[in-house]
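Here the chain labels run A, B, C, D, E and F in written order, and each chain numbers its own residues starting at 1.
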Amino acid sequence: MDSPFSHLEGGEARMVSVGHKPVQERVAEAACELHCLPGTLAALREHALPKGDVLAVARVAGIQAAKGTASLIPLCHPLPLDQVLVEFDLGENCVGVRCTVRTSGKTGVEMEALTGAGIAALTLYDMMKSADKTMVVRELRVVRKEKG
Amino acid sequence: MDSPFSHLEGGEARMVSVGHKPVQERVAEAACELHCLPGTLAALREHALPKGDVLAVARVAGIQAAKGTASLIPLCHPLPLDQVLVEFDLGENCVGVRCTVRTSGKTGVEMEALTGAGIAALTLYDMMKSADKTMVVRELRVVRKEKG
Amino acid sequence: MDSPFSHLEGGEARMVSVGHKPVQERVAEAACELHCLPGTLAALREHALPKGDVLAVARVAGIQAAKGTASLIPLCHPLPLDQVLVEFDLGENCVGVRCTVRTSGKTGVEMEALTGAGIAALTLYDMMKSADKTMVVRELRVVRKEKG
Amino acid sequence: MDSPFSHLEGGEARMVSVGHKPVQERVAEAACELHCLPGTLAALREHALPKGDVLAVARVAGIQAAKGTASLIPLCHPLPLDQVLVEFDLGENCVGVRCTVRTSGKTGVEMEALTGAGIAALTLYDMMKSADKTMVVRELRVVRKEKG
Amino acid sequence: MDSPFSHLEGGEARMVSVGHKPVQERVAEAACELHCLPGTLAALREHALPKGDVLAVARVAGIQAAKGTASLIPLCHPLPLDQVLVEFDLGENCVGVRCTVRTSGKTGVEMEALTGAGIAALTLYDMMKSADKTMVVRELRVVRKEKG
Amino acid sequence: MDSPFSHLEGGEARMVSVGHKPVQERVAEAACELHCLPGTLAALREHALPKGDVLAVARVAGIQAAKGTASLIPLCHPLPLDQVLVEFDLGENCVGVRCTVRTSGKTGVEMEALTGAGIAALTLYDMMKSADKTMVVRELRVVRKEKG
């Protein structure tokens, strides 16, 4: 019986061959939420936004992580990325994080988008952890994937 | 009014000074859950476990990510890690992921534990995504932090 | 008199230009052997294989090293890899290691295959060194190279 | 029955805890040989040595690889290295490669020495492969390990 | 006759031994200037500062580069950094860049400070190059170095 | 009013989309000067040149940095490089550094050339700093950029 997992062959992990796949324009978008105390978000709006550094630092971290996905996720193929966007949406008790990645490549970029969103959220966590011990990253998932 | 965020000074992001902090034994543990279809977990048990490669690959990815945290999370200090453990717990409709990190250092290692758990979960996601388009990483948070 | 080494020009090391070379499907395969005590191999079969972690960890390390070759071997070109396979063959007194790399690129991938095989062998060495002080990596070489 | 491999616990790979181990001065030395055609070595002496670039490039690659060992060998601990030396000995039909690593750390540095020697040899291979298709890396092993 | 360069021994590059050196608090500060057209600086003040992203991105890049110095400058020792600061001063026709690095280590951190300042300046260059083709990085040097 | 900086949209840093841009042959050349005491240059000529290691080490560092630009400069696109050259010109009181980079890609490579030249200069600085405390890197700029 064959494995339903394309990365396994006879139980052994492998980087699947993409040699035969066409180069196509591909986009993937992933999102997650960093839940925190309302007071943390109020402080973020008040202290961090004037100079924007907190969100900018997290944005850079997400972009860099998306570019470095192949060195983080072992069976991912290294891909030339055409664009990486990281956006934030400040709500009442959470920060929405969204990462969009575009490539002209042979495989999809959902892992790049997930990695970018996840690391951007953890970078926010790092900068706000001195003020809030309750934070949780929730619902990290792919929200869009297209090609062609 | 001072910022409640120790990484901000006058609104500018910075790597806080830890020169004065004592070297102490520190441990942090983070966890998350990768939710998937029951059939995916059944396949994971049946196909992947005989040779264990799926979980081993994710474990290695989590360990490597924990060691590389300072290059992923911009304001984190590079730390010598004494130990990194990544453990999995296969449930009905999710895989529990737990990452424990120990250091003898000047700062805590919760970011290392969170990064290790998050990347281990995304590595599982990568290996199972050909079979399941519904997966979500949930509840990535610190579950233990101690020192001394 | 011209140098027979394409990486040298007037004695100075350089990354040779591949701008004019066509993108072609290329494959390279490298192999080596990790020689150890028979008892070490018996223990590897008995303790490690049930969960496969030892070989899986070495396989991941080899794959990641192959992908990172351009950052390890200074005059190598960064290449998008289509596939990396790392395989092991457990003999009486040695573990055979084989790494196969495919690309659609402008240069061959023998350095990627050699790096992947070598680091996979050293990762096995690392995991078994507490039990065996006699190990040696032997005969690391290219065993196949094709294009077109 | 316990595993003789300290990196395995219940069959699962792990980064062993070194929290309790004392910081000690440690040195390890590894060596290997790059075997090639006599004509290749003659050319290396004639063309490469005047400016030394070939050996210097390989030396740098070995030093950098030794420093990066923890990101290449998954279960290795990141260590502050006090010194890395890479030396070459040109024989009749092979280049001897030797890498010496010193640390004041909690674990030995034989993996750093092996990685440095192996990558230095592969870097020589890369620079000479246009002239010689017969090269083989042989006998990569630890030749000295001391502490205290 | 001995070489005045501590990194050379018999003409061969090496990573000097710091095993005998005491761990001391050390600080180094480096600076440079990114010269550009007055209109570029006016645009930077007007468009970029409201959200601060341009300077924050450059600040993060400088911090990350300082932390990664040992992988960029081959004979540098990897060091645990206690703090990295990157500051900007917007003048009439240039941006002053300053990077301060602190460590409790065995060697000085001027290379880390120089690398942080240089990469921060190049990151500004990258973000402003669509608007200004005249930019030059000037006077990258150490401005302070202390220990004890 | 639109920002003149293509990396900013609404004040937020982003990696611009290059999906629509054609793959073209592109070359960029950057240069800088490392100013030092005349005696330092005399020593460099006398001690370092016989085996060339100092310049070779700096050359390798520049090549590796150029290849790694996308991980250093956050909004740079990762690009496959066709060639990287680093050249030195020893003057009376300074070393001229020149880095030439070629790609077949969607964006220019001036950041790769600037990064390669800058890191090569800092690597020289590192190797000569034990003998000269007056060194300064000057005039790091793009000297040529072509495509098609």
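Some observations on this one:
Operating definition for what follows: a residue touches a chain if its C-beta (ideal position, glycine included) is under 8 Å from a C-beta of that chain, and two chains touch if they have at least 3 such contacts.
A quick note: this is a predicted structure, and the numbers were derived from the prediction, not measured.
Ranking all chains by how far their C-alpha centres lie from the centre of chain C, first place goes to E. Looking at B-C and B-E side by side, the one with more C-beta contacts is B-E. A straight line joining the Cα centres of chain D and chain E is 30 Å long. Between chain A and chain D, the centres computed from C-alpha atoms are 35 Å apart. Between the Cα centres of chain D and chain F there is a gap of 29 Å. Contact with two or more other chains is made by residues 11-13, 50-53, 56-57, 59-61, 64, 68, 74-75, 80 of chain A. If touching chains are joined by edges, the resulting network of the protein chains shown has some other shape, matching none of path, cycle, star or complete graph. Across the whole structure, chains are in contact as follows: A-B, A-C, A-E, A-F, B-C, B-D, B-E, C-D, C-F, D-E, D-F, E-F.
Within the complex formed with chain B, the residues of chain D that make contact are 11-19, 70-71, 74-75, 77-80, 105-106.
In the complex of the two chains, the chain A residues touching chain B come out as 1, 3-8, 10-13, 32, 40, 43-44, 47-48, 50-51, 53-54, 56-57, 60-61, 64-65, 68, 72-76, 110-111, 114-115, 118-119, 122-123, 125-131, 133, 135-142. Touching chain C in their complex are the following residues of chain B: 50-53, 56-57, 59-61, 64. Put simply, chain D touches chain E in their complex at residues 25, 52, 55-56, 59-60, 63-64, 67-68, 80-85, 87, 102-104.
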